[in-house]
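The following blocks contain the structures, represented as structure tokens.
Two complexes, one shared chain (chain A), two partners (chain B, chain C).
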Partner chain A sequence: MANYGFSSYHPAVNFLFFAAVLLFSMFFLHPVLLGISFFSALAYAVRLNGWRTLRFCLTALLPMAVLVAFLNPAFNHDGVTVLVYVNDNPITLESVCYGLAAAVLFSSVILWFSCYNAVMTSDKFLHLFGRVLPSLSLLFSMCLRFVPRFKGQTKVIAQAQRGIGLDPGEGGPLRRAKKGMHILSILTTWALENAVDTADSMKARGYGLKGRTSFSLYRFGRRDRAALLFLLALVVLVGWGALLGEATLQYFPRLSGKEITGRSLVLYGGYALLCLTPLILDAKEAVAWRRSQWKS
Partner chain B sequence: MPQKRRISLRTLLSLFLVLVLIPATILLGVFVLQDRAYYFISLLLIVYTMLPFLLLFEKRKPQARELVVVAVLCAIAVAGRAAFFMIPQVKPVMAVVIITGVALGPQAGFLTGAVSAFVSNFFFGQGPWTPWQMFCFGIAGFLAGLLFRKGRLRAGRVSLSVFGGLATLVIYGGIMNPASLLMGSAKLTWGAVVTSYAAGLPMDLIHAASTVVFLLVLAKPMLEKLTRIQVKYGLLRESS
Partner chain C sequence: MAAVTVEKLTFSYPQRETPALRQVSLSVEEGEFLVLCGKSGCGKTTLLRHLKPALTPHGERTGEIALFGRPLSSLSAREQAARIGFVLQNPDNQLVTDKVWHELAFGLESLGMHPDVIRLRVAEMASFFGIGPWFHKNVSDLSGGQKQLLNLASIMAMQPELLLLDEPTSQLDPIAAAEFLQTVRKINRELGVAVLLTEHRLEEAVPMADRVVVMEEGAILVDGPPREAGERLRERGHGLFSSMPAPLQIGAALHAPSPCPLTVREGRRFLSGLFAGRPPEIVQLQEPAAQKKGGKAAVRLKDVWFRYEKNGPDVVKDLSLTVEEGSLFAVMGQNGAGKTTFLTLLTGQNRPVRGKVWVLDQEVGRYKGGALFRRCLAMLPQNPQALFVKKTIREDLMEMLREVPQRQAEERLLQTARLTRIEGLLDVHPYDVSGGEQQRAALAKVLLLEPKVLLLDEPTKGLDNQYKEILGGILKDLCRQGATVLLVSHDIEFCARYADQCALFFDGTIVSRGEPRVFFSGNRFYTTAANRMARHLFRQAVTNEEVIALCRKNGVSPCEPC
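Coming up: the complex of A and B.
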């Protein structure tokens, strides 16, 4: 699953896609664009994470979305079409609509982030930013490596403690918490001493000197260039449409948007294509694979 | 000589931020973004405030030893959060960040906070909350370091715990609650803000209490260990 279709493209392509889609999704409150973004995000999340996504949607996303949808009309009384008065406060149609739109927006952003987490793994992120921000990237990658390492070392320390009769799993909760803190303290000492060793070793191997290269698995090939240009073109198209006001729907004081013209349809089409790019690329690869199997 | 250059660079950068970038963002938000203005202005301002810290660190070309020690502290914060993941809001991140700020200075404190938040979200999931969390933990570490340097904060268990509890409630709760509100509303009303605080208060109280407990237990041994490693290897003696 991980190295297949869109995920196997160069990190720059992946990152551009998510940056564009997340930015646009946080912006656009136009119902058509909201729908496009939400359903594309949902489809891609299901494709990446399987049906687990739907359970996540129902148990975590839906309650939050409902909260967002209710929060708006409850506190925002702008808008001219009053539906009903609750405690002398007007509940307006515009505010209800805005609440619903914000709920969909919120859900699609979260869904896009769940796709981001599956596709933009930390090594891709590092590959992209390692050259621009070397120190911060190194800090970040060491940190990622230390976390599992410290967990492993915690187990080793706990076993040693058990060996000398201080089983951390024994006794009441207070005693256990005390032993847990003791282990954390031992871990800290070990980690800090170990860190200085690591640093000396890094220095001995020429950290910070000129001309050092770093290992990377990614190659920027022809198809990556094609995908990057394709995405860039779509981003420009959508951005241009948005600047012309085609993506705007005024919610307050009353719902009003531009008429849907050919130009808006181009924007909708471009946005849909942009949001669906990973799914299209995945499908393309699946078809190619199917066909190659069929031939042999 | 490098000291002087660093300060002038920092001043220039912050002048540019305050005089050009921030007003431009606000104007852009007010005139172009309409309904999404609040969210984007605030998000961009958060990013702007973090940038100088991160870029200065990058510019300084930190030594390997310095990098590794900060990485260790971030990893301890993250691993600690992972160890307590089954109890919501019990996270030692704030405690570790404050201890780092006191022991290694405001800059290292900010860095540890921001990086811990960022890295821990690689384990718990990135989302629109990531930059806000980075900012909250970062600024708490920075303040701890700054107040300690200025002599306003003592490195004792009790004073650190009080500071930690307040920082969690006021900084983390104070920023994260309205931040989640901004994501989904057209305009901020006092009612909505107060409600978001009220809804978040129980969680914030648990978070603050856990920070206090962590600091009560960890502050002294951790500070001792950090001082020991500094003395033993002579590292990270930040002068500013």
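Coming up: the complex of A and C.
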């Protein structure tokens, strides 16, 4: 799903979205907002990573969430509505609710991060922050080049050694460690040797001249500007609602929140729109594609 | 105006007695294509690096170098970065960034160009070099040939007026190498960029060149158009003559009237002219020796199938093969045909999905605990460097002799060093010797296992002709001593010259095999240049020497008027 709909927008749009959504998700404990965030994150993660996401949810996320949900009432005995006593310790309704809320919060943040990873690839990140520190962005790119090469060479050496009966994975632990050290030492030599060539290649192409610029493939177009403004407006709306206390629910000592008014509905709506932006944009793209295929 | 003029350049590296360059004078005209050749260590790389100030080595120098009439030293760093392009030997080491598009932009970023200008230049380069389909890829996903093309493209993006290339194809397979050289030629022809290329793959580079310059021991020996340079080399009996294109060698040996043939097309015409009106009487040197049957099998595969993933494609398909003891068996074929995988089946690194593999009367799977590698089988990998893990070659070789008593070990070490001709290199770091020497040192390490079956993966990659001859000699010696050598290679000329049996590997199996003369004369495309040149006249003439000998036998005397 790379480069489709939302992920094909300018990195600044992507980044603003994730920054906002992650920040809000980390602070909002209001059940409605939690629900919005969680289901949007889940839907988008499924869209990006397919059914693998569900497997991840069931095998990793669910157990962790359950753990969080149980741990809170086990250690936190605040709250006034006692449900049951365990070993003379009160288990309170408030504490159970808080645990559940924390579990959902925790799950949605993780899901948002998994979406972030799929959308904000390293070069997008670099493009955004490379302007601030151009040499850092080059360094990062060089590391991304170096690491797979280093790994590849390790494999080549291990294979070559196996071909003459010196399997680095054979023998006792001491012997294995010794062989491993040999390989590591020669790998260092190898990397340094090659670095001389790389340095030559950089020098030959004028690296070190004053006034280096930073090029990237991304362009900030009209639709990026529109999306950015749309997202900013929603962020302001949600922020304003949160400041007015519409996003707050008191858990302790007793569950208590503001009455749900028109203003809270606006906040909920705005937040839902914000969280669903990527899915909406993807859907828009799908519709646009269908349209373009219609014969006139 | 000359693109480059070098005037009496003498240079010595620090703390060396003999100068690396001696009184070199050379000029490259605007838009000229010049091939610079010579044995390893003749000073060609040193000379090339002198033309690019950023890469010029330190040392003592006298003489003048000028670029388009201006002394090279007066060029600013910015000018010399943009106007002189330099492509190095190793495709991997030159790539700086992780993405193809970023690599293309790297030099332009250094020059501080505006992103919009870079966008245009990058687009131009991607179109000219056909990079479009892999523009968004990671550089680590590219093939060797693509990597080197990318290096070339990222330098051409800076729009240099002079392009210097230091053995750019030595790490590529023949097809990628030919494609690369064609691209260089296209740059030269269509953009008028002056090209100075050092090469050992002269068969392809020389016919493209306007001029060939041969260096020896730091001085220029021959400087002239290709045909003339070839003839002059022959007159001097120079070793490098054997690296020249086959038509030129055959033509010169038969004293072809100048101009000497340079391409297969010209060579064919020349031979046809020799026998115009009187077809050759002797068309074949001798009946090929009847195939020796009944030799003991050193390696045997029976109905072998292999794939890497459960539902993946078959890499080896229904392969049955017997390699007889004491023979030099060459497996040839395209990249990705499964040749290297085939070798891993013999070393037991991979097991066949179906079928059986025997090495010396025992199934590979039955050898336990490294017994397969004890006086039985050993493999020299494609990248011989990967075999070394110690600080000197001696230590590395000693590693193989751990279980042998000290005195005996030293004796064996010396013996092997003598066989592989590395006596003088024992105390050097394995990374500090040339490619050919590294290869032989690696071969020595492998031979200390006393293998009865020796596997080699692309042993001639990156070697010049001189080293190939040495390697061929060593392999022949081994076979004579009763070892079996099985090599996998792209190098048609090498296999034709040295192998006892050749086989063509295609699509996971062997489609044809035979004694080289029979094997190659049965092919129309996949055969030596000499064979392609003479196949309409002679049967089963595969090497240059065979074609020359046949011509002589048919009365083409060596003293016919030139």
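Heads up, the rule we're going with is that the second predicted complex is superposed on the first by the 255 of 296 C-alpha atoms of A that agree within 3 Å, B and C clash if a C-alpha of one lies under 4 Å from a C-alpha of the other, contacts with A are read in each partner's own complex, and residues count from 1 in each chain.
Following the convention adopted for this analysis, contacts are C-beta pairs under 8 Å (C-beta built on N, C-alpha and C of every residue); 3 or more make two chains touch, one makes a residue touch a chain.
Just so we're clear, the structure is a prediction, and the values are computed from it rather than from any experiment.
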{"item": "Which superposed partner A:Gly208 touches (first chain B, second chain C, both, neither)", "value": "both"}
{"item": "Partner chain in contact with A:Val236 - chain B first, chain C second, else both or neither", "value": "neither"}
{"item": "First, second, both or neither for A:Phe252, with chain B first and chain C second", "value": "first"}
{"item": "Partner chain in contact with A:Leu29 - chain B first, chain C second, else both or neither", "value": "first"}
{"item": "Chain B versus chain C as contact partner of A:Ala286, first or second or both or neither", "value": "neither"}
{"item": "Chain B versus chain C as contact partner of A:Leu244, first or second or both or neither", "value": "neither"}
{"item": "Chain B versus chain C as contact partner of A:Val82, first or second or both or neither", "value": "neither"}
{"item": "First (chain B), second (chain C), both or neither touched by A:Glu170", "value": "second"}
{"item": "Partner chain in contact with A:Gln161 - chain B first, chain C second, else both or neither", "value": "second"}
{"item": "Chain B and chain C contact sites that coincide on chain A, given as residue numbers", "value": "138, 142, 144, 149, 185, 189, 193-194, 198, 200, 202-203, 207-208"}
{"item": "Residue ranges of chain A in contact with chain C within the complex", "value": "123, 138, 141-142, 144-145, 148-149, 152-153, 156-157, 159-167, 170, 182-183, 185-186, 189-190, 193-194, 197-198, 200-217"}
{"item": "Touching residues (chain side chain A, partner chain B) in the complex", "value": "26-27, 29, 68, 71-72, 74-76, 78, 98-99, 102-103, 105-106, 109-110, 113-114, 116-117, 122, 133-136, 138-140, 142-144, 146-147, 149-151, 154, 181, 184-185, 187-189, 191-196, 198-200, 202-203, 207-208, 248, 250-252"}
{"item": "Chain A-facing residues of chain C, complex", "value": "52, 54-55, 77-78, 81-82, 85-86, 88, 90, 92-99, 101-102, 105-115, 118-119, 122, 138-140, 151, 154-155, 158, 347, 349, 370, 372-374, 378-381, 383, 385-390, 399-400, 429, 431, 445-446, 449, 455"}
{"item": "Partner chain A, residues of chain B touching it in the complex", "value": "33-36, 39-40, 54, 57-58, 60-65, 67-72, 74-76, 78-80, 82-83, 111, 115-116, 118-119, 122-123, 125-128, 181, 183-187, 189, 191-192, 195, 217-218, 221-222, 225-226, 229, 233, 235"}
